[in-house]
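Comments concern the structure below.
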Amino acid sequence: MTTDGNTGKAAGSYTTDEMMTVAASRELADGTVCFVGIGLPSEAANLARATHAPGCVLIYESGTVGAKPDVLPLSIGDGVLAEHADSVVSVPEIFNYWLQAGRVDVGFLGAAQVDRFGNINTTVVGDYDSPKVRLPGAGGAPEIATSAKEVIIMLRHRPRALVEELSFITSVGHGTGGNAREELGLPGKGPTALITDLGVLRPDPETKELTLVVLHPGATVEQAREATGWDLKVAVNPGSTEPPTEKELKLLRELKARTEAARKGTSA
Amino acid sequence: MTTDGNTGKAAGSYTTDEMMTVAASRELADGTVCFVGIGLPSEAANLARATHAPGCVLIYESGTVGAKPDVLPLSIGDGVLAEHADSVVSVPEIFNYWLQAGRVDVGFLGAAQVDRFGNINTTVVGDYDSPKVRLPGAGGAPEIATSAKEVIIMLRHRPRALVEELSFITSVGHGTGGNAREELGLPGKGPTALITDLGVLRPDPETKELTLVVLHPGATVEQAREATGWDLKVAVNPGSTEPPTEKELKLLRELKARTEAARKGTSA
Amino acid sequence: MAHVADLREATAELVRDGDSVALEGFTHLIPTAAAHEIIRQGRKDLTLIRMTPDLIYDQMIGMGCARKLVFSWGGNPGVGSLHRFRDAVENDWPAPLEIEEHSHAGMANRYVAGASNLPFAVLRGYVGTDLPKVTSTIAPIKCPFTGEELMAVPALNPDVSIIHAQQADGRGNVAIWGISGIQKEAVLSARRAIVTVEEVVDELVPHPFQVVLPAVAIDAISVEPKGAHPSYADGYYDRDNSFYEAWDPIGRDREEFGAWMEEHVLGTENFGEYLESVRAKGMVTK
Amino acid sequence: MAHVADLREATAELVRDGDSVALEGFTHLIPTAAAHEIIRQGRKDLTLIRMTPDLIYDQMIGMGCARKLVFSWGGNPGVGSLHRFRDAVENDWPAPLEIEEHSHAGMANRYVAGASNLPFAVLRGYVGTDLPKVTSTIAPIKCPFTGEELMAVPALNPDVSIIHAQQADGRGNVAIWGISGIQKEAVLSARRAIVTVEEVVDELVPHPFQVVLPAVAIDAISVEPKGAHPSYADGYYDRDNSFYEAWDPIGRDREEFGAWMEEHVLGTENFGEYLESVRAKGMVTK
């Protein structure tokens, strides 16, 4: 996990990655049942738990329900996820009895690439049979994208990440837009937000095309357009993200410092 | 559970029920994985474990694998079954991962009624919609009869128990005989023995009709014919069961005395 | 999310006339206290679901709470028949009882499908038996890869499932240890779930073969000590075998049954009073 | 029935060229010792099955043990790519690697079907994704009761499954606690099963979220202390995060990879020697 995006500029006393994590954490209402991907989503979900949403129930695909890690897990099955969990169940149970059963309010996903409808590629860049880049693959994402009541995606805003066309649809967002999800019979309502290091994109109510509705402090529409691989739609009056509060920043940095110390401890 | 069959005559120094249990226990080879019904089968299986087959793995449908009860359970889910078990799993697991998976060597069943092909009725006597007698129903038996590699049935020899025609086939034995099981696509080979208080019946290799092949000491072919609701086939030279050994009888009686004491203890 | 509630309030709020209701327990941890509260509140027209209906369903059927029974084995374990169940099926008393009958394997997989939000489950079962002739919820299905034919059964999704467990912790997570039967799937397949427990503890500690149901899967938790009597709660009390034997003559006779229910269940306010009442008659042996 | 055996003998007896082999472990309890022994014995033509192929499958693929990979997520967790896996897929080095790609939910249910002796499993998945276009083992199936269309995936029944667990008892029952992932289903779906354990104890005691696999489901148990390194064994040792980081540059370069495997795996007799060998290079941090 990159802790400070390589190209992220600090705006004032925080980095753009910190802003992204804080913005994403605010999407999680207290008490929400959240199926959490590793990396940025896990960071944001645990910041939410440390700040305004202590009652969130975090589910990781390794089988932990109600995980309460005091440091960020490096893998999806770290011991710290099981330690104070409400329960630890098998992988079939987490996917069948929890995710597929419709018990998950929010699926919190990262991605290698998304398109304008919030479809996700984590499989290949280029041709499937002779790929330019072979990515890790689907993991739990396709069914999280299907069954979670809503999906939030986190991804740094880059032209190679927000692309015109995906080489491969690994997980469905809003498909070809419009009523595509209903037509496919998918139970959840799909991506409701794409949080980047520049702002927040939300699907247009009609077309479901991701639209820049909020900019983080210091970011500009121009910047966002340049960092998007498609012709980005922008809301008429994009809002502005509240900068991180002192408390948010302090708790995020403490979380990361504890994580770093624990990682070094393990490796010392 | 009746401990001494009401009408069972003592032959020498043991009852016909004791002979039946001992004969059934001898069917179980050491190391066998045995799916055990409550009552007579449980008594016989635990006697086997106490005598010649200490390595038998007893499975009860409540989810206990490798149960080692020191007293006989009164119900299929008694605590004594879990206490020293190798593992306790959920009911879906016991039926799917153990029984259906083909891990069970012997299914050990009781019955209300059987027919000449070892089919079992535990559902109704008379018409299903307005029955003369409503019996408890199927329980685990249909799938034990389907998936256990072989099935042993225990039943006291009475005309109302070994009947010409079943009101209801709850669990399949050899169906209509011959290759019926193969034609139905059933994985296990079906009943290999029906142990009664008079003797042992085994399926004819061709027709699969249950045939009296062994008589317990003191029992006669005439008695068996009278106690069978169909025209009983008898082997040309029916063998004779070895009477219970002193050790078998001692261990069986100790098991039942311990069970009685524990039952009273609970009720005292 | 689980909240600790009085069983009377939880039942009033979560169990409604006409509901499909599963009170599960596989010999161990049978939710007797909850069954009695449903009888006290006079619920009607219930579809009762359970793999192993025993005394509590006999009582609910005899008291006229049930319209239908979905089950796989109905008896008084170790003793014999359920006479109220038989009287309903054989003689339509106190009312006709529709039955939907499966095998244990079928019922267990129906709960699994329900807990998994699938419309059906697949198993190797029923073939060659008479069950498909009398039970419409069994249908053949073909494997799309091998062409092999198997059997399908539809999911069970009870309106309410109720189980008894040993403990809940302060957050509302529930622990069952020992034989846990089908309880996890019963709770997770249900639209609403009530759990009665022996006690609430600060923190759950590991016990052999323990299952922990997270608070988020449960609607209400009620503390009902000895709430599974006459069945047992591993770590708390043993099975009261003599009660099962004593039930046989009571359940056998319509009038005796009615008088007994009137005196001990309808005539008491809660399970604690009930236990005192039957204990006074020498029916509770511990 | 489980017998305690030297890992070399167990591997020689139970893992054969051309087998389908599942070495499972979901971040926790990854069977590294067993993977190395398969590499040492030069097994070829294996179909490797695993939800989350990581370093050990990278090593087996890079050493030419594998013909095919059946998986749902292949990466170096927390670090990045598996370079040997990528080199095989992108450049056919050291040999072409056929891949059969699913989602986690699909793989998990394939193991469940295998453990249940069913030819297929049903799930809500894959719809709208490109996976069905590239993976032939995904097919639609209709509910015989509701008519609803779902997806089916065929059962996984590996010739051999291998897992690492914390403990076995004297009878050969195996205990896993903490995150147990898909290990139970991996073992129960397999034709043969090997379990490596941290130690053999007289009697298993309850641990949080413990799963016990009965001896009768296992063919061989081998004692391999620290046999899951660099992953962790809850109660024994922590995850060696720096080893995962250190693997990245080694795995990235064909020659460096070859030399490293030669020195530490092929050049050692067993996992104990291997651990000493990498420890001497400062690669084992605890």
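As written, the chains take the letters A, B, C and D, and residue 1 is the first residue of each chain.
Assume a residue touches a chain if its C-beta (ideal position, glycine included) is under 8 Å from a C-beta of that chain, and two chains touch if they have at least 3 such contacts.
Model, not experiment: these values are computed from the prediction.
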**Request:** Show which chains lie in contact with subunit A and also with subunit C.
**Result:** D
**Message:** Between subunit A and subunit D, what distance separates the C-alpha centroids? Give it in angstrom.
**Reply:** 28
**Fill in**
The distance between the C-alpha centres of subunit A and subunit B, rounded to whole Å, is 58
**Asked** Cα centroid separation between subunit C and subunit D, in whole Å?
**Response** 40
**Touching two or more other chains - residue numbers and ranges from subunit B** = 87, 96, 100, 147
**Request:** Send over the residues of subunit C in touch with two or more other chains.
**Result:** 117-118, 123-124, 184-185, 208-209, 212
**Item:** Listing of all chain pairs that touch each other, if any do
**Value:** A-C, A-D, B-C, B-D, C-D
**Asked** Inside the complex, what are the residues of subunit C that reach subunit D?
**Response** 117-120, 122-124, 137, 139-141, 143-146, 148, 150, 152, 154, 206-210, 212
**Message:** Going by the contact rule set out above, which residues of subunit D touch subunit B in the complex?
**Reply:** 1, 115-118, 171, 173, 184-185, 188, 212-217
**Fill in**
Listed in rising order, the residues of subunit D that touch subunit A in the complex are 26-28, 51-52, 71-75, 77-78, 81-82, 85-86, 89-90, 101-105, 108-109, 111-112, 123-131, 134, 149, 178-182, 184-185, 208-209, 211, 232, 234, 238-242, 244, 285-286
**Asked** Where on subunit B does subunit C make contact in their complex?
**Response** 1, 38, 61-64, 74-79, 81-82, 87-92, 95-96, 99-100, 123, 128, 130-134, 136-143, 146-147, 168-172, 175, 180-181, 184-187, 263, 266-268
**Item:** Sites on subunit B touched by subunit D in the complex
**Value:** 31, 33, 57, 65-66, 86-87, 96-97, 100-103, 147
